[in-house]
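For reference, chains read A, B, C and D in written order, and residue numbers begin at 1 within each chain.
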Amino acid sequence: MDDSVEPASLIDQFTCVRQLSERLCEPLEIEDYSLQAMAETSPAKWHLAHTSWFFETFILKPFEPGYQCWHAQFEYLFNSYYNGVGAQFPRPQRGLLSRPAVKEVYDYRHYVTEKMLALLTDIDPNHRPEIISRLELGIHHEQQHQELFFTDLKYCWSKNPLYPVYCNSPLENLAEPAADAWLNHDGGEVSIGRCRDRGFCFDNEEPEHAVLLAPFAIANRLVSNADYRAFIDDGGYQRPEMWLSDGWAAIKQQQWQCPLYWRLQDGQWLEYTLHGMQPVNPAAPVCHLSFYEADAYARWAGARLPTEFEWEVAADTWAGRSPLAGQFLESERYHPLATSLDFFGSVWQWTSSAYLPYPGYQPAQGAVGEYNGKFMCSQWVLRGGSCVSSRKHLRSSYRNFFYPADRWQFTGLRLAKNNTDK
Amino acid sequence: MDDSVEPASLIDQFTCVRQLSERLCEPLEIEDYSLQAMAETSPAKWHLAHTSWFFETFILKPFEPGYQCWHAQFEYLFNSYYNGVGAQFPRPQRGLLSRPAVKEVYDYRHYVTEKMLALLTDIDPNHRPEIISRLELGIHHEQQHQELFFTDLKYCWSKNPLYPVYCNSPLENLAEPAADAWLNHDGGEVSIGRCRDRGFCFDNEEPEHAVLLAPFAIANRLVSNADYRAFIDDGGYQRPEMWLSDGWAAIKQQQWQCPLYWRLQDGQWLEYTLHGMQPVNPAAPVCHLSFYEADAYARWAGARLPTEFEWEVAADTWAGRSPLAGQFLESERYHPLATSLDFFGSVWQWTSSAYLPYPGYQPAQGAVGEYNGKFMCSQWVLRGGSCVSSRKHLRSSYRNFFYPADRWQFTGLRLAKNNTDK
Amino acid sequence: MDDSVEPASLIDQFTCVRQLSERLCEPLEIEDYSLQAMAETSPAKWHLAHTSWFFETFILKPFEPGYQCWHAQFEYLFNSYYNGVGAQFPRPQRGLLSRPAVKEVYDYRHYVTEKMLALLTDIDPNHRPEIISRLELGIHHEQQHQELFFTDLKYCWSKNPLYPVYCNSPLENLAEPAADAWLNHDGGEVSIGRCRDRGFCFDNEEPEHAVLLAPFAIANRLVSNADYRAFIDDGGYQRPEMWLSDGWAAIKQQQWQCPLYWRLQDGQWLEYTLHGMQPVNPAAPVCHLSFYEADAYARWAGARLPTEFEWEVAADTWAGRSPLAGQFLESERYHPLATSLDFFGSVWQWTSSAYLPYPGYQPAQGAVGEYNGKFMCSQWVLRGGSCVSSRKHLRSSYRNFFYPADRWQFTGLRLAKNNTDK
Amino acid sequence: MDDSVEPASLIDQFTCVRQLSERLCEPLEIEDYSLQAMAETSPAKWHLAHTSWFFETFILKPFEPGYQCWHAQFEYLFNSYYNGVGAQFPRPQRGLLSRPAVKEVYDYRHYVTEKMLALLTDIDPNHRPEIISRLELGIHHEQQHQELFFTDLKYCWSKNPLYPVYCNSPLENLAEPAADAWLNHDGGEVSIGRCRDRGFCFDNEEPEHAVLLAPFAIANRLVSNADYRAFIDDGGYQRPEMWLSDGWAAIKQQQWQCPLYWRLQDGQWLEYTLHGMQPVNPAAPVCHLSFYEADAYARWAGARLPTEFEWEVAADTWAGRSPLAGQFLESERYHPLATSLDFFGSVWQWTSSAYLPYPGYQPAQGAVGEYNGKFMCSQWVLRGGSCVSSRKHLRSSYRNFFYPADRWQFTGLRLAKNNTDK
């Protein structure tokens, strides 16, 4: 924790993020809060409670003397996966928890928020560094769940033929589309990852370390819906030579023929969005692809996905670290819009990198050490953030990760290729 | 349809049953209306809508000129299984329909109820018999869904470690337990089933026909929790010789060791009920058994289950047809209480009879013919009604049916045996 | 056991049935003996060993003093489902038993046969009735496995695109097709089942008892392939109103569009048979149908399946009890040929009767009591025998039983209808 | 292809490898050739045929004018996964191919071998480089299937309670166990992979490229059974903090408590081996672990798995490239024996590296390009070879790959750790 960060500023961030989670729920009916359409998605109500549980478990219980839990069983009900804390209510059944009711979950949130504010305004100097560190983690943790709130809700609503609408604002384009270009990088020894001295980061971004890269080129824009339609129209989903073996098996078994929310109706491609059912916008980034589809598209296009290292170096080179341009949650358009030169925002970008620990990686001590490390297996790294990520949540070193068959996040891609001229 | 039934009376029944469905929901939170814990259970909201859909589809649309549907997609969303009407929203996903919201479902109900009342008060004489016939069917259909409302809600709530309570009234016994006795019947040619001239019945109770019975004896009371505990304590779940082959496979695969809602806690058997978690009452009828368990218990006890014909004749002989005594929905205790001499009420009684058509059975014409006939396969007949059945819904000829592994209904048993003295 | 049956005759039967099981295997390669394409089928080698295990377990071990088992683990490996004997090797893995090798299984068979012959020629008078009773059971048991040998082998070979041939003889018709007619029966009280005084029967045929029948008519011939093609061509598999609910679910899930071994090739229907791939013969009985398909066909044809009682009475009335005409294993054509007036042979006939105990049914004492009774659940009765049944194995009271989705037996149907003229 | 490799030498290699495949089958009964206990294992017969199919498809058909296929359907039956060649017989059903019989498969093999020898002794100079390249690939391909022959057979036989024995030779130790030591490496820029100029390698080893390594230490020996028992005895399988999240889920679902072939019998650990059931040898390398178990063991031991780069550099540094010492197929002991200082042989060693393409990787042209590249997803790299690998088949750059849950290969591990002293 950097001393230069004012406590007041962190308290502000805490207050803002707690309020935002609730404001995001305003368009919901009470009935929407409990939806769970698959094991991987969680109900909105559960996100609201779990993010409170996080502060309660990791800050209030250990550092607030005499803290009274809101409810003895919430420790069990709203623990996601922290074995170090105890057993967990089965994840696929979260949608069955009609009780506690939504109102009680809000009461629980407000109780935790108030207790946290009391603790933070009179912080115990002996535990200050640990409390601040966990507070920052809890804030970023809640930002992640704000994004999952959107992706989970969208997936659940997509199963309803009434196609509920989250936001009625029109999906006008926010930026001019970019002229296509390849950005060339010479490769060589580059610095990857981050160290906590430079501000908050997750443990999976550490330690900063050197990596050797061959020369490469990376596209200046995201792959668009028009691009992806050309792949579909060229028989992409029927040509095994385009696919990884696991990917070919997956699309055959799941009968995938297009991105997750597309459907062909009377010869027109439509797409379910949080702004309702919409025609597929050719100029917008393609979205809700699995890794298998992103990989197959890249092969079809005569290119490949970038490694996470190439992506990070390119973002550092061409995007600048801060401030982040691009389409984020703050843009209040919950669907990717026209492609642009931004490296960040709109859609998460699949890389060709398996999600693995960096050399010398050490998970944090205690149960919070379960946050990242134990998932470093069979998942893939995504970079850049999406239209439902908070702008302040991101960095060029930020590593998101999902399984290769996952499609319900806002996931797309950017092409790369070897630069053999160098 | 009997001419002696006054239309006014049917209108009263219609009004009552429509009101009752809503009154039963009063203890629910909005969050409870959407619960679906397995494919076989439906959300309370869906029951409310589907029973309205039934009147709309089978009476208002065909017989009310110019009838305007409440919502074009409800025909699809709230059709249960009537292929003759059209495609159906997938049953296992009913819990994902957060929209229409509960409020809109009530608006839909009230719209249908009002339109029905208008139609019934000015009934078209040309269609009167068909309308009256379908009205009676719709009333009984809604009564069935009132029972399913309770069994489905209980199953869903049982998955929540907070164990929600539907009714806070204590589970005092409603009747004195019976002294055990065998009731002996001489067998011979008996009359089974019913003909519609004698008042409403479902098509599966027709036609009335003669059946030959051997002499038999039937118990004067239901099997109790104390009885069933003796079976458990005698290793009933570990002794394959007690079980049908399919039953043995089921209990091994599902790891069943006791009735559905029992759990052993600190050496005491507890049971989840709609009145909350309760100690198992030894004197009350055992409940929430599969057919396999009922059959195994009977074998262990040196007896057997009665056939549905034996049961019907015994009920006609010893219970009288009307009025029905026993514990029903009207008793407002939503859990079976002390066993008594009643043939009806408390728990549905598994018989040894497969659910098959009676000789000469004819399903009704049109889509309502899908009500019963297409399910006459691999299910078993249950008789007598339960503590969440409407008293007026039952008859001695009434045939309920479930799959042999089903346990979420209020299902128990009564013993029978051959009477070889005769 | 009838005193008039000479022991010598039973010994002859025993010898014949033991030899026949081996002769039936002559067309097999060693590689064919271990095939198991689904859990329900068993390898030929397993049938050979299990039928020997049966004599060893139920006769040699209890009644031959000092009997030495061939191999200590065979009791476990070749026990099918007799929990009273002990644990069983998992049924779905029987095809993994490459050892004991085929040669050793034959050695085991011969050892058991010789020991049995020695025991039978010097039978202990004290145990004679029990030994004779079990001997008869064992003979009939082995005859059942001879039939399963064919059906299991056919199913396994059908998975091989080389389509192995069991018998090269041409499938000429064995009889003239019958002129269609309905046979009318007046109904009334009839006698069903059998008592053991009249010769061997299985316990599930007992006790003989009276049943009341309404007047009915039954077809004088089996449904033919031409008949069934008309059902297919009329969209039978696409019309839900023809099907039981479970049946409709099954054909959608399994994507059934025709009988099990049919395939449409260049506009022609072909059928895999034990005589190789053959054109579907329009005049031959349709075969390898599930109960669901038989039931749907009957509904489409404006008829129904007979009850097992109707079938038995009709067979007693029009077929005569003995000798049985029709196409059996002895005909040495392993596929049903032209339909005829025979009630027996060619294909097993699905009835509309669930497989349930007769009134007063008592399973045999001890582990042999597991032969029939524990399967009286969720299966359906078939009657009449097939082209791979032994002629002597059958009777009009004989009850075969399979699950409604089973198709790998030689299963077809005969129509029935109510006779409302009476 | 290096010019200095004499054709005669390759012909010799071809002849040897073809003979060896057959010699390895000598202990088998005919019944053993068809075993397939799970989708991932193939029958011995299938391996024999598929390796012939490979030469037929990729050399004889394209390069032998007028070549007559042995059997038109073998292209379909024995194609493993080459979509570029055509459709494939379903992998999980290979065990159902009782025909072609074993004898015919040998005839097919001999036909292909003879045709190949004829082609090779009179090689068309225009296609010589391509033929030689494919010949080498085919030889190494057949060597891989020789290893799979053992692992698949062992898995299938392990399901048989008679526990067949492949080899009766005693499992005496082949080498002295090593004194434990950490080998320290300074890290830095190292060369990884291989280029084909230096002799045959698979395309996944190319291109040779530089990688940056941090200082590390690697164990001088494999983890032993005694080591692994300490992990089990310390509750390793019950402590979630030792496991990756996917691994914990896998061991709970599969109920894994020890390595694949271990079982606890009367307090003693036994292990099924190709030399029969044996006591677990404490000094021998632990074997048949999943990646999850190897990873958990390393975490428990306060160490980690090496990356594939660390392993390769260590092997180049301390093992020497050639000749390879260690226990291989040529040792004729088909189970790992005492641990030693060898880097190669005994058991494949799980690394912490996901199986991914090297920078600049290009799959081979045409269907042979499906050999490696399309599997670069969700699998993990193993290094070093096992007791059933051919010695000549291996190199320090050799990359084997399996899914993290796979346990039926001879898979173990070697520990590594960061060297923070540097």
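Methods note: a contact is a pair of C-beta atoms (placed from the backbone, for glycine too) under 8 Å apart; a residue touches a chain by one contact, two chains touch by 3 or more.
Since this is a predicted model, take the numbers as computed values, not measurements.
S.K.: Using the touch definition up top, find the fewest steps from chain A to chain C.
M.R.: 2
S.K.: Report, in whole Å, the distance between the mean C-alpha point of chain B and the mean C-alpha point of chain D.
M.R.: 60
S.K.: Find the geometric centre of each of chain B and chain C from their Cα atoms only, then give the gap between the two centres in Å, rounded to an integer.
M.R.: Here the centre of chain C sits 38 Å away from the centre of chain B.
S.K.: Distance-wise, how many Å sit between the C-alpha centres of chain A and chain B, to the nearest whole number?
M.R.: 47
S.K.: By the document's touch rule, what are all the touching chain pairs in this structure?
M.R.: A-B, A-D, B-C, C-D
S.K.: Which residues of chain B touch chain C in their complex?
M.R.: Chain B reaches chain C through residues 81, 83-84, 189, 209-214, 240-241, 243-248, 292, 295, 352-354, 356-357, 359-360, 370, 374-378, 404, 418.
S.K.: Which of the residues in chain D end up touching chain C in this complex?
M.R.: It comes out as residues 29-35, 37, 45, 73, 76-77, 89, 93, 95-102, 156-157, 159-162, 164.
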